[in-house]
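Scrolling down, you'll hit the structures one after another.
Look at the two complexes coming up: chain A is in both, with chain B in one and chain C in the other.
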Partner chain A sequence: MLSSSIGYYALILGLISSLFLIYFCILNFRDHKYLNTKILSFTFFQFLFVITSFISLIVSFALSDFSNETVFNNSHTTKPIFYKIAGVWGNHEGSLLLWLLVLTLFTLIFLLKTKEQPLKYRILTILFQQIIIIGFFIFIIKTSSPFNYIFPTPKEGLGLNPILQDPILAIHPPILYLGYVGSSIIFSSALAATVLSFINNNWAFHIKKWVLASWIFLTLGILLGSVWAYYELGWGGFWFWDPVENVSLMPWLALTTLLHCILVLQKRSILTSWVIILSISTFTLSMCGTFLVRSGILNSVHTFANDPERGIFILIFLFSLIILSIIIFFFFHKRNESENESFFWLSKETAILMNNWFMMYFLSVVLIGTVYPIFLDVITSEKISVGPPFYHKLIIPFLVPFLIFMAIGPKLRWIKSNFDNKLNLIFVLFFSILISFLIVKNFDVNFLINLTIISGALYLFFITIRDFFIKKNKNNSQKIAHFGFSLLILSIMFNNIFSSEIITNLKVGEILETSNTKITFNEVNQKNEKNYKSIIGSFTIETKNEKTEKFKPELRIYNQPITITSEADIKTTLVSDKFMTINVVQNQDYFNVRYQVKPFMIWIWLSVILISVGGLVSFFKKEYEK
Partner chain B sequence: MKFFKLLISFVLIFNLNNTYANDNDLNHKIIKNLRCLVCQGQSVYDSDSDFAISLKIVVANKINEGLTEKQIYSYLKKKYGEWILYDPELNKNTYLLWLLPVLLFLIGGVIIFKRFKIKNK
Partner chain C sequence: MYGRKVKLRFLFIFIILTTLILTVFLILKSLEENVIYFQSPTDIKKLSDIYKKKIRVGGMVKKNSVSISANELKFIISDFKNEIIVTYSGAVPNLFEEEKGVVAEGYLKDKNFFLATKILAKHDENYMPPEVKEALEEK
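Take a look at the complex of A and B:
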């Protein structure tokens, strides 16, 4: 009871400090000798209010205070304390509060970390940031308050969706939000810099750190979601081109484009318009993601509630932000004279533009594939599905030139370049084609596609490895990230080509033998845990050339709400994952057993981690302004 | 040289693994392309729901009857609507879906190439 009230009033106070902040910002902007200390203190207070509100929600969840509607809807007394707390952001209201928390935190950090930047620019960024923050405050207080009362107080809550009761999923939203919200700083700062004609190499130098930070978090956030889907959803896949996965991929693609483009701005003070457009679209896409997920338009595990009022609010908010940025862009943005210069075709600028060109294409595929069915449904009321085959068909042909550009691009110099050792580059290309031919030669299906992609990825792989040895310590971040990407494509391809699986129905005591695997279903055990009952199957698997292994896949029957989840038993080695799940077959003693061997699974995760390590190296690299 | 040896052994390992290849590729290809209508964002292949299980049987039967992939799709489309297919067909409803990204790519290409110069002054 008490903590809910504290949380609610802290939110109101946070909103009020926003209004004060806007007032002080305008005041300070006119008379701009020093930063008004009130701006700093109110930003700090605002953060304090929001964190108070957030902590009170945590307390309500931890104490299972069911007089709070959000707690009632998403918690249960038998839940372990860890999931009681993780449940705070496992629902719509709480996750928005987390958004707001990160938003105010980043605003504070921005203010503290930009002391060398022009004062007007800092103030204006805070002003734009406050506009976004106000939007979120009103959204939360008006349509999705996490502090609504229920009377009379229920004895027991409805419980958290069991598939969300998972350690990885507990940290997936916060990490992802750090990425999303980081893009809000990029957005506000780009708008502020546009107004003040501050889009130049100094700005690029300073905002690059923010771009990198958001990019790293977004990358890791997506990775965590993907790992979770892999072991929890129980079908052994890691990416399904589900609309909700796509909405996190879109800001990532835009951010990656921006990350490359900003290098050109930093070195040559050109492409200013493009950088602004990218900064705006990155945040817009993050917001779009929130809108699509929260409005219930998309049908997915992430859709917590269907509430048209919320959808309409986000839509209006989103459109106002877009219109605001368009107005600022067209009224204030002036291009440099030097920008009309054209590029020499063989230069680093060109290579980065190539990257931007392909990235934008990938982004448009994902965007159109995600929103097209929605629009078609609205206009013609015909429902179509856009799934993996669509994305594969449109993305894969473009992936090969993309990989080759990625290998060659970083070797080029700014302004004008020439190939140093063409022969070497061509030799590596032929070598890669040869190797991939040897790898895929026994596969008649999709031979050509597999051959070209693996060749492309291997090319990038070898070239970056070679670069590690030749150019020591120069631009390591790029090398690590590009190497990680080649490894990612290779592992995905190998995983795809060499996966094998056995799906069958077995009952206890039965044995299934295939040409090289023998599955024995030994027994079934039952166990009662605090908030679920578990059924554990015990299997032995013998393969021709390996020792026998025991698998214990599990079915969990959660009591609140009553849900059956399937917990895969996964044996991970560096070479392959062995993955086993069971499921009940209705009204029979049989279990549906699915056994998969998935080569290089762990390399998919490792390569994504490697990609973000590339970002980290760049983030911590000391660079000096020229 | 060590590096090459490693590579060669790698290639050999892959060749051994080839024996794993699936014999019912067509079946898998089809059910991976079907939406499990009662699930949330899962294909029939990935799902173990009753709907998915029954649909798997239907597809297997249709393959046994000798229907081609396309015939099976059109059969299912008639029964459940286009919503069930993950790979939307190219028709008047989906021209934009398939062509717009490619069109944008071409436009982007024109914008970029206009700013190139081949010779350095």
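Take a look at the complex of A and C:
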């Protein structure tokens, strides 16, 4: 009871400090000698209010205070304390409060970390940031307050969806949000810099750290979601081209493009319009993702409540932000007179620009595939879905030149490059084609597609490996990230080609024999845990040339809410994952058994980690402004 | 006539425009080919001829209709007006249950038989395909 009131009033106070901040910002913007200390203290107070509110929600969850509607809807007394706390952001209201918390935290950090930047630019960024913050405050207080009361107080809560009760999913939202919300700083700062004609290499130098930080978090956030889907949903895949996944991929693509553009801006002071447009679109796409996921338009585990009012609010807010940024872009953005926009066809910036176009293409494919079904539903009320073949068909052909540019680009020099010493690049290309030919020809797969992609990925792979041994190229972050990407494509390809699976229905004691695998269903055991009952199947699997292995996939029947989830038994080695799930069908004797061998699965995760390590290296690299 | 720079710029704009048009054309064409339509059993009954393409059928799993054998699962999808018999061999998601919503993806054999290649996992125990929800509300 008490903590709910504290949380609610802290939110109101936070909103009020926003208004004060706007007032002081405008005042300080007029007479611009030094930063008004009130701005700093109010930003700090605002953060303090929001974190108070957040902590009081955590307390309500931890104490299972069911007089709070959010706690009642999403918690239960038998839930372990860890998931009680993780449940705070496992629902719509709490996750928005987390958004707001990160938003105010980043605003504070921005203010503290930019002391060397021009004062006007800092104030204007804070001003834009406050507009976003106010939007979120009003959204939370008006449509999705986490502090609503229920009277009379229920004795027991409804419980958290059991598939969300998972350690990875407990940290997935905060990490993803750090990435999403980081892009808000980039957005505000790009707008402020546009108004003040401050888009230059100094600005690029300072904003690069923010871009990198949000990029790293976004990458890791997507990875965590993907790992979770792999072992929890029981399908054994890592990416389904589900709209909910796509909305996180879109800002990632925009942010990756931005990251590369910033490098060009920093070195050559060109591509300013690109950088501004990308900064705006990264944040809008993050907001779009929030809108599509939260409004209930996309049906998924992320949809908590279908409340049209919320959707409309986010939509209006989103459109006002887009219109604001378009107006600022067209009225204030002037091209630098000194900006030398000429590109020599063989140079690093041309290669980066080419790949930016490819990224934009990938982005539009994903965008159209995600949004088209929604539009069709609204206009003709026809229900369709766009499956993986659409994405594969449109993305794969362009992946090959993309990979080759990724390999060659870093070898080129800025401004103007030439063909000296580039013969070995062609030699490596032939070498990779030869190796992939030897790999692909032994397997019954589509020859041409697999050959070209594996060649492309191998090419990038060899070139980056070679770079690690050449001292001339000192850009470690680029090498690690590009190497990680080649590894990612390679592991995805091999995973696709070499995967095998057996799906069958078995009774206890039955044996299934295929050409090279023998599955024996030994027994079924039951176990009672605090908040679920588990059914554990026990299987032995014999393969011709490997030793026998025992698998114990599990079915969990949660009591609150009553839900069945399957816990896959996964045996991971460096070479492959063996993955087994069981399921019951309508209390009949048969168990639905699925056994998969997924080669190089762990390399997919590792390569994504490598990619983000590349970002991390760049983040901590000491660079000095020219 | 025009200088070299202007000519280059024209060429540049021309190239960009053609690639843009080509890309949009390619995407739309591929969309048309790879889209999967969602139908209810009633929609299927109304069809004049049978789709050869992959479709999705959604509705409720009829009570007492599920039967399972070593390599096949059989059940009936109903939208309270019409029904369709579905056969399926493959992995069954956790939330597959009688009298719960289901979406199956696959091919029509005729108006009464559906050969599913995939049963879609739903994350939420309260999920219901939109058509079924509408049908329930009408009742």
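One rule holds for everything that comes next: the second predicted complex is superposed on the first by the 615 of 626 C-alpha atoms of A that agree within 3 Å, B and C clash if a C-alpha of one lies under 4 Å from a C-alpha of the other, contacts with A are read in each partner's own complex, and residues count from 1 in each chain.
As a convention for this text, a residue touches a chain if its C-beta (ideal position, glycine included) is under 8 Å from a C-beta of that chain, and two chains touch if they have at least 3 such contacts.
Worth saying up front: this structure is predicted, and the values here are computed from it rather than measured.
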Chain B and chain C placed together on chain A: clash or fit? clash
| Between chain B (first) and chain C (second), which does A:T504 come into contact with in this model arrangement: first, second, both, or neither? | second
Give one of first, second, both or neither to describe whether A:T540 is in contact with chain B, with chain C, with both, or with none. neither
Note to self: Between chain B and chain C, whom does A:N442 touch in the aligned arrangement: first, second, both, or neither?
What the structure shows: first
Point to revise | Partner chain in contact with A:G237 - chain B first, chain C second, else both or neither | key: first
Practice item. State whether A:W345 touches chain B only (first), chain C only (second), both chains, or neither. Key: first
**Message:** For A:N201 in the superposed arrangement: first (chain B), second (chain C), both or neither?
**Reply:** neither
In this superposition, the partner of chain A with more touched residues, chain B or chain C, is B
**Asked** A:S417 contacts which: chain B (first), chain C (second), both, neither?
**Response** neither
| With the two structures laid over each other on chain A, which partner does A:V386 touch: chain B (first), chain C (second), both, or neither? | both
Go through the superposed model and pick first if A:N148 touches only chain B, second if only chain C, both, or neither. neither
Shared chain A footprint, chain B vs chain C, residue numbers 233-235, 299-301, 361, 364-365, 368-369, 372, 382-387, 389-390, 393-394, 566, 583, 585-586, 592, 594
Interface with chain A, chain C side, in the complex: residues 23, 26-27, 30-31, 33-38, 54, 56, 66-73, 89-98, 121-125, 127, 130-131
Interface with chain B, chain A side, in the complex: residues 233-235, 237, 240, 242-244, 299-301, 342-345, 350, 353-354, 357, 360-361, 364-365, 368-369, 372, 376, 380, 382-390, 393-394, 398, 416, 435, 438-439, 442-443, 445, 494, 498, 500-501, 515-516, 566, 583, 585-586, 592, 594, 597, 599
Counting only contacts in the complex, chain B reaches chain A at residues 7, 11, 14-15, 17-22, 25, 32-33, 35, 40-43, 45-48, 50, 53, 81-88, 93-94, 96-98, 100-102, 104-105, 108-109, 112, 115-118, 120
So, in the complex, the side of chain A touching chain C is made of residues 161, 163, 233-235, 299-301, 303, 361, 364-365, 368-369, 372-373, 382-387, 389-390, 393-394, 503-506, 510, 555, 561-566, 581, 583, 585-586, 588, 590, 592, 594
